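The structure's right below; bear with me while I get my questions together.
By letter and in written order, the chains are A, B, C, D and E; residue numbering begins at 1 in each of them.
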Amino acid sequence: MKLGKVIGTVVASHKDGKMSGFKFLLLQDMAPDGSLMDSTLVAVDTVGAGPDEIVLYTTGSSSRYTATTHDIPVDNTIVAIVDSIEVGSKCMYDKAAKNG
Amino acid sequence: MKLGKVIGTVVASHKDGKMSGFKFLLLQDMAPDGSLMDSTLVAVDTVGAGPDEIVLYTTGSSSRYTATTHDIPVDNTIVAIVDSIEVGSKCMYDKAAKNG
Amino acid sequence: MKLGKVIGTVVASHKDGKMSGFKFLLLQDMAPDGSLMDSTLVAVDTVGAGPDEIVLYTTGSSSRYTATTHDIPVDNTIVAIVDSIEVGSKCMYDKAAKNG
Amino acid sequence: MKLGKVIGTVVASHKDGKMSGFKFLLLQDMAPDGSLMDSTLVAVDTVGAGPDEIVLYTTGSSSRYTATTHDIPVDNTIVAIVDSIEVGSKCMYDKAAKNG
Amino acid sequence: MKLGKVIGTVVASHKDGKMSGFKFLLLQDMAPDGSLMDSTLVAVDTVGAGPDEIVLYTTGSSSRYTATTHDIPVDNTIVAIVDSIEVGSKCMYDKAAKNG
């Protein structure tokens, strides 16, 4: 999985039928230290991620193995909302602290 | 999924039998701000995308999971035509406005 | 799929049993304008592609979904011989014109 | 598979149901000579890897083929803890020597 | 498939149960002209490749489709030992000549 930040949304009314009901979120890849990378991608959201949240997303065929994406033509799926990131013994990100 | 712009077509009369009837479109990868990247690829079209349209395409095995590409040897499939892209609260692309 | 040019062959007599009978072709990745990229790869040929021909190849699991590669351990398969490439309204490649 | 070093952890309480009970470890890609690369990723741990250990991880669909990750939406799974790395006849890494 | 040179081995006694009995070889990616690239990877060996040999390896899910890797969590498998590489009409590599 990779770390990403939710930076926006993509709306598409004309799409493959199996894509109906899914929300497309724009993610920007993020390093563990919180710095954002140049690369972006579009993922379907299965966990209710909101703007600016840090998430974990799965790529490839495993994107179809969440509770709601079985047999759907998706290749990036958000599978978790990140609470905290620790590198060595140092906390790099803490959602509660940020929102507190 | 990734954002791409339809920039052309590839014609191939001699091909694997399961590829018959599919249209091969040339896509150029696009960043959410509308800038085009250097990378291009060939995707099959399942949604009727036209020249210069912005689309979402799926890669890998999930390309075979649309309504019409089951068991077909494709690794890039257009799954949606993009209506709008929003980054933060800013609209980066609006198909209706562009065509209006 | 990606565009590639057939630049050579790889011979391997000692190989996985399911690979028997397949021809391994060396491909160089090609941009739609005909320029060759640095990257090369080895693909199995299912359409009878010859030296210097421009082809479409499929990557990953979909390489196993042609008429002849079912359950074979291949990750790049040539699925079509390209007749022509058009970008915008400009013809970038025309096999018939080149050979005519 | 690729070589990686365990550099941290990611905690995510809100996640896809099938992800429950898995530990998310931050890995940094490593060259055979022990130098760390810029790229990092998040993998599930199936072998009990600890901080600073050198591991082998599998990517893509094969991440779902360990004893405990069947049908789980994971795309990076740690499948082994590395004891030693030898390049040519030279030992580049020896866990026992390091810990001894 | 890609061309690689066997440059070393990785030993891992603590690993996923299905990995038992497989040999992990370190490969360095190779261009058709014999020059080695910076990238390396770990592959399981199914054909008895030895030190310094040039091999073809398969990536992703197709790595599980050799005679011996069915349902194993591997993403790089050596599927052939290369005898010769020809680019255009020029021989770039000939194992017999090298060993003769």
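Rule of thumb we're sticking to: a residue touches a chain if its C-beta (ideal position, glycine included) is under 8 Å from a C-beta of that chain, and two chains touch if they have at least 3 such contacts.
This structure is a prediction, so every number in the text was calculated from the model and none was measured.
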Here chain C maps onto chain E under a C-alpha rotation whose angle in degrees, rounded to the nearest 5, is 70
CA centroids of chain A and chain D: separation to the nearest Å works out as 21
Whole-angstrom distance, CA centroid of chain A to CA centroid of chain E, is 34
The positions of chain D in contact with two or more other chains are 60-61, 63-64
Ring walk start=chain A dir=chain D returns A, D, E, C, B
Within the complex, chain C is touched by chain E residues 1-3, 31-32, 46-48, 56, 58-67, 69, 77, 79-88, 92
In the complex, chain E touches chain D at residues 7-19, 24, 26, 40-43, 51, 60-61, 63-64, 71-76
